[in-house]
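Chain naming follows the written order as A, B, C, D, E and F, and within any one chain the residues start at number 1.
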Amino acid sequence: MILLTRRATFSASHYYWNPAWSEERNREVFGRCANRNGHGHNYTLEVTVTGAIDGVSGFVVDLKWLKDLIEEQVLSVYDHRHLNHEVPEFAKLIPTTENIAVSVWKRLEAPVAAAGGAKLSRVRVYETPDIFADYSGETD
Amino acid sequence: MILLTRRATFSASHYYWNPAWSEERNREVFGRCANRNGHGHNYTLEVTVTGAIDGVSGFVVDLKWLKDLIEEQVLSVYDHRHLNHEVPEFAKLIPTTENIAVSVWKRLEAPVAAAGGAKLSRVRVYETPDIFADYSGETD
Amino acid sequence: MILLTRRATFSASHYYWNPAWSEERNREVFGRCANRNGHGHNYTLEVTVTGAIDGVSGFVVDLKWLKDLIEEQVLSVYDHRHLNHEVPEFAKLIPTTENIAVSVWKRLEAPVAAAGGAKLSRVRVYETPDIFADYSGETD
Amino acid sequence: MILLTRRATFSASHYYWNPAWSEERNREVFGRCANRNGHGHNYTLEVTVTGAIDGVSGFVVDLKWLKDLIEEQVLSVYDHRHLNHEVPEFAKLIPTTENIAVSVWKRLEAPVAAAGGAKLSRVRVYETPDIFADYSGETD
Amino acid sequence: MILLTRRATFSASHYYWNPAWSEERNREVFGRCANRNGHGHNYTLEVTVTGAIDGVSGFVVDLKWLKDLIEEQVLSVYDHRHLNHEVPEFAKLIPTTENIAVSVWKRLEAPVAAAGGAKLSRVRVYETPDIFADYSGETD
Amino acid sequence: MILLTRRATFSASHYYWNPAWSEERNREVFGRCANRNGHGHNYTLEVTVTGAIDGVSGFVVDLKWLKDLIEEQVLSVYDHRHLNHEVPEFAKLIPTTENIAVSVWKRLEAPVAAAGGAKLSRVRVYETPDIFADYSGETD
């Protein structure tokens, strides 16, 4: 059992807001994060795959391919964007660290599986160096 | 399965000493750590909880609540303290990184469970950037 | 000559846009940063003061006082805010890393001097771990 | 269940090359890593052991012993070396991050077990801060 | 006086060897670094420029331009290379951290000046997180 | 003008206390740092020297020699010690970050000068990643 991880970063804006709640309730639950002008973070993403080491190349997966996949599936959509306003899955889903981890998983799981040989094992998202969420899929 | 982690730091003194041993034996086993004047570290703590993501807030737990809980249960007792002399659990227990991880777990497990919705999943304690211990409870 | 530095962090949104230019020109000069929905960063701030070490306290300045000053003068205004929309100095000034460094300097120079005993020596602002600006005042 | 981890670093050269392939094929699969003059990295190694905490010492293992073991079994062989040319296991095995993790595991598993009381739990190898592999043994 | 810095990384091999000396003398002076198979590092480079902040763009220099310049003048020549064998300036010059800092300065000084508006202020090279050299030009 | 820096770490205890003051006054000025049981830190030290690059070796100074000098002059005295009780210069001098920086300078200035070829340029001491002091000598 070998795990291979590639880290990537993106910078984005977000805010936390539940439209079914009053402004007062939003401020109470979300504090400073409820500021609808948005604030932002340098997010760090760790994408972990697992599989057998190919005996010829010594690779679980080609890290250049994994980098390009993360770029194509995640960074090109999230980086330098306002998550609430510009990323489809956050139109109604609050972009908390937890929800971002699940959303990145959903964007990567099928393309990793489709490439054959390895599967997605874990997605970690750091909102700041002090806060991070890990998601490993539903049946893990 | 989602994990959410919050990092915190505290600065404390400690030393390693077994009163049932001679000074010579203490020096042999604990080396420089046996200096009874104490020495200290900037400890880094990672507290990980697990649970379902609340569909309304997008939270596993409220990170502000978790921060306050760590402050109240751990930092207010450990930070800027001499662990051997001022923290009850280390009156007789040697404050190694391993024992600190277990002790932080014991301080946080019940209050996290009592809040409902999530449970403590892992406590990691870094004594230095190069040494850390992870504890996940007895039956994990 | 002793320098004493305190680090702080804030999370904010911003974008780069010159209203005198066409959208095309803005995109050409500012690239992805011209996205008017904004994007964001975890900024790290280093505030350096210089002065004599007080013979009694061993302090150049009281670091608790410096922390509170940074909180009051900078973080309370910048943190969890959209710099372009909510911070007065960036209403017309593009919030580049360079301009943020100068603006933090302007916010801190007089209160540090007013406290007596030390003066502001340098402000460093990291937009990401890979990009930072230093400002040391006009006559330094 | 407690895990105890010690970090260590080594600086080494390597390249990726499959002698059964043409130069063209090597360049295609391995890109810049196929440069046979070699290039290098500051590798970071995390060695994790698991076992019971000794009630007398408070140790899972003596970290000084673990440090010396890593030095003797791994660093003395890998550090300041060209992995392909000077480390036996990479004479025919391509020194990818994945293969290095497995090789470090093989060097440490038996001596950790032989010492009694703890067993090797995981080896993590960082090639850069952005790329790392974890290996936990065949049956883990 | 504003300074703007961009960080970049490259991975390279090197060794220390003075052909005018005996092997014994080389080992004595250069220790493990005298291994002629080479070893390697993840080097981190900080390139600092200074100039006035442009009133329209808010830039000292365009960081995208600076990134491309570092890529073109330094990384394309140093990254994934054996410094002694493949980089012209190190054919006869020992690639110590100090000499790398001076060499990077020489590669960047003229193109930064030629672009107008800013000049190179400092080059810092980290060989490891614990060793770095700063060069600021001859007349600084 | 080239600067060469070596980083080192030590772990020590300390407290802040002025015996000429009442306990109340000590608590008021020094806060939690006035706890006389002591607390501790992982200090990081950066020692910077300056000089010409030797044309034969490519060195400003031999970094192995500098490492040994820091070990002999500073770490062997400070590491795993209680600064107030065991380090002579802090018998009466409060071991603030500022005073530690000056004390390390005093310990290293003469031996660096005595070795010839380079002189001490700066000492930086980090008490935590967020607090550091720089000292460059009296006439710098």
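Just so we're on the same page, a residue touches a chain if its C-beta (ideal position, glycine included) is under 8 Å from a C-beta of that chain, and two chains touch if they have at least 3 such contacts.
Note that this is a predicted model, so its numbers are computed, not measured.
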Which chains does chain B share as contact partners with chain D?
-> A
Shared chain contacts [chain C and chain F, defined touch] | E
If every chain is reduced to the average of its C-alpha atoms, which one ends up farthest from chain E?
-> B
Of E-F and D-E, the pair with more C-beta contacts is D-E
So which chain is farthest from chain D, going by the mean of the CA atoms in each chain?
-> C
Inter-centroid spacing, chain E versus chain C (mean Cα positions, whole Å) = 28
Chain-centre distance (mean CA atoms) for chain B and chain E, in whole Å, is 42
Report the inter-chain centroid distance for chain A and chain E in whole angstrom, where each centroid is the mean of the CA atoms.
-> 34
Out of chain A, which residues touch more than one other chain, so two or more?
-> 129
Chain pairs in touch?
-> A-B, A-C, A-D, B-D, B-F, C-E, C-F, D-E, E-F
Report the residues of chain D in contact with chain A in the complex, numbered from low to high.
-> 16, 18, 20, 29-31, 93-99, 101-102, 129-138, 140
Can you check the complex and tell me which residues of chain F touch chain B?
-> 9, 11-14, 32-33, 35, 37-42, 79-82, 85-86, 128-129
List of chain D residues in touch with chain B within their complex | 1-8, 53, 56-60, 62-64
